[in-house]
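Read through the structures below before going on.
Two complexes follow with subunit A in common, the first pairing it with subunit B and the second with subunit C.
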Partner chain A sequence: MSLTPLTEDQRDALQEVLNIAMGQAGDSLARILDAFVELSVPRIRVVDVSHVADTVREMVGDRHEVTAVRQSFFDDLRGEALVIFGANGCKDLADLMGYAEELDQQSERELLLDVANVLVGAILNGITETLGTELSYSAPSIMAEKAQVETLINLDQLSWSHALLLEVNYSLENRDFKSHLLLLMAEEAIDALRGAIDQFMESI
Partner chain B sequence: MLSKLDAAPLLEFILDRVNIGVFVLNRNMEVVLWNHFMETNSQRPSQDVVGKNLFELFPELPKQWLERKIQSVFVLKNFAFTSWEQRPYLFRFQHNRPVTGGVDSMRQNCTFLPVKSSSGDVEFVCVTLIDVTDTSIYQSMMQDALNKLNEASNRDGLTGIYNRRFLESELNKEFCRVKRYDGSLSFILLDLDHFKNINDEKGHLAGDEILRRTSEVLSSCIRESDSLGRYGGEEFAVICPQTKLKGAMILAERLRQSVENGNFSFHNERVPLTISVGVAELYPDTPTYERLIHEADTALYQSKEAGRNRVTAFERPA
Partner chain C sequence: MATPITIVDDSAMSRKLMIRALPPEWDIEITQAANGKEALDAYHAGKADVMFLDLTMPVMDGYEVLETLKKEGLNTFVIVVSADIQPKAQERVMSLGAMAFIKKPVNTDEVSRILKEFGII
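Now for the complex of A and B:
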């Protein structure tokens, strides 16, 4: 790794911000899913671009096929969020949300997009509210369906040098539902985040 | 530069006239703003709409789903989206391509934005609606082209039946299916007898014509579930899913007779034609799909050796 984009203090502060955000995200999810949602404490990693693919594979585990949804965010912070669901992610969610019948492919996609949008929005809104920044979002889209983890991130197409990866596990009412959320941010966006964290640390 | 005050009427003009639907709802699902795009397309002027409940105005809207979506913006203070790919439209509007469209109504992408008050609560939800009919048409054109390309890559250029690459991948799929779920599978390989003579004596155009006619005759004999392809120069193959050796032998004999009685001709000159056929069935101990091809090929060779124009089943060693 070439440099460490966040100091130890900034990292701790970000972890704290995320913990608060996760609380809000859990609350939001519970309301939208009508189910009790347990969120793990997020693990943060800031990684050099050359390690992103490996780190993602390590986080998600490389044995399974995954479905991924991507969503852009912009304004004070700029980047892309990826939500990675396990192969059965959608079925589990559909069960949970009371879809008794088999979902057709389009409803399944709509459900995944909605849930990804809620997850991303909940966490990023939590961050921006705590940090006092503003964000806008573009529509989420399906990035890969039933794909191998290692095919998700194409190193040649990455235009940024560092990524902030958040690993968040969700458990839904005794079900083993797992998804991972990744925030990928360009260098200057990490700068902006760092600035916001510094301000936040001064204010408390 | 315009001051914020001077810019206000300009912004109002843009908001009204921009080629995007914009409307705003309050917590009671009452419309508080309805721009020109919405007026024109819904044929409801703003004064008829503002102050009224959206679902009473448009009973055809999918209320349960849409209300939940809008409520989620109020509750979560989060953006929400709909895409034409999952949900073609929110409002059934006409599109502007009545001649070149091919779709029945305007395709729409919608964004639901939370409008927060100074206290941080969401006071309104602003919905923007973008006409993406063009995008949807281009996408379906692209999909058609991809499908055609995909189909073409599976076909033999001369005869239009499947090519060897596709046959082998199909056979592999069937092989895996039988290995996993049981069932039966047979494979037929056949070769035109003395085809070289036709090419040598009547020329390659004649040879091509005979290959095309043969594939037509064979196509008319096989069953819906069988896959016929050109395996090599004058070699054809049939994959017979859920078929045991006995059934495949009956089909193979039918193929042989049809070709023998096929009345082939080139430039009004009769070209007598026969085929030699080899048939093999997949057994639990057949290790690979390539092995099945090899066994059919062995049987085909025996047909040739025994004088051609006949069908032989692969004999498993006792």
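Now for the complex of A and C:
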């Protein structure tokens, strides 16, 4: 199946929608952690499904071990949100949130799920508010623990031909903590998103 | 005489939204810049009595623009327009010499209110 690429205007508008959504999610994270969150310029890629794993690795960087949380979203736009944390991410988070003792595995998981849930919720809300779309999302679940980045995406599970990857990064000032938030959408969602963006552009 | 203003944002759509949010009665000459470097070029060319400045941009971000302007003896009225809405981001840009902070998405009434507050319009 062929896919019409995003026009320059659509890409620019999507970038700005993401920017605003990223800012709202960053603000939520800053409030939880009482720390200053450094934001990046969001990245947008449309890739053939065979390149998804490579692109994710390129976006996240060649970090040794990561822990990832996934959350599906559906209704007007359908896709997967992935929040990828570096191996030390949890320690920094626990520290900032004032946990005195070392966390056991269960509490560590809960902490990562909570943080991922806040980020994903805020970013999806930011997108839906700007574009006027409706989304529901599932509860977050741990997708991989201390795994290699390239093992995160299992091609056999994807029945897609193309994927849209949206990426934003959050890091904390003076800390090791870094997390990547990826939104992955398949071709139908790309078309739906394109429609929503066009409507949004016409409205302004 | 028309007031020279520069709108700095890496997104063309965002610049367009900003231009639309400006009060129609304001007599201005608009220059657009897609990153901090272009913003400083416009400023040095005397095209930025008022600057609407985004923070997150490639090449040179808004913080760097403010730092440079401060070093050079800030001779422009900078209004930061940002999607980064953390209170700390706001504190930071104000300490770097920005006069006001507008949250994205921009709102026409908010822009007019700030321009009036500072006696610009």
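The working rule: the second predicted complex is superposed on the first by the 197 of 204 C-alpha atoms of A that agree within 3 Å, B and C clash if a C-alpha of one lies under 4 Å from a C-alpha of the other, contacts with A are read in each partner's own complex, and residues count from 1 in each chain.
Convention: contacts are C-beta pairs under 8 Å (C-beta built on N, C-alpha and C of every residue); 3 or more make two chains touch, one makes a residue touch a chain.
Owing to the predicted nature of the structure, the values given are computational and were not obtained by experimental measurement.
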Return first, second, both or neither, reflecting whether A:S141 touches subunit B, subunit C, both chains, or no partner chain.
first
Between subunit B (first) and subunit C (second), which does A:E65 come into contact with in this model arrangement: first, second, both, or neither?
neither
If you stack the two complexes on chain A, which partner ends up touching A:E110: first (subunit B), second (subunit C), both, or neither?
first
Looking at A:T130, would you say it contacts subunit B, subunit C, both, or neither? Reply first, second, both or neither.
second
Taking the superposition as given, does A:A30 touch the first partner, subunit B, the second, subunit C, both, or neither?
second
Quick one: is A:A122 in contact with subunit B, with subunit C, with both, or with neither? Answer first, second, both or neither.
first
Kindly classify A:D198 by the partners it touches after superposition: subunit B alone (first), subunit C alone (second), both, or neither?
neither
Contacts for A:S40 in the overlay, against subunit B (first) and subunit C (second): which applies, first, second, both or neither?
second
Considering each complex separately, which residues of subunit A are in contact with subunit B in the first and with subunit C in the second?
none
What does subunit A use to touch subunit B in their complex?
28, 31-32, 106-107, 109-110, 113-114, 117-118, 121-122, 125, 136-137, 139-141
Interfacial residue positions of subunit B with respect to subunit A in the complex:
72, 75-81, 83, 85-87, 109, 111
Can you tell me which positions in subunit C touch subunit A when the two form their complex?
10-14, 16-17, 20, 56-58, 82-86, 88-89, 104-105
What part of subunit A is in contact with subunit C in the complex they form?
9, 12-13, 15-16, 19-20, 22-24, 26-27, 30, 36-37, 39-41, 130, 201, 204
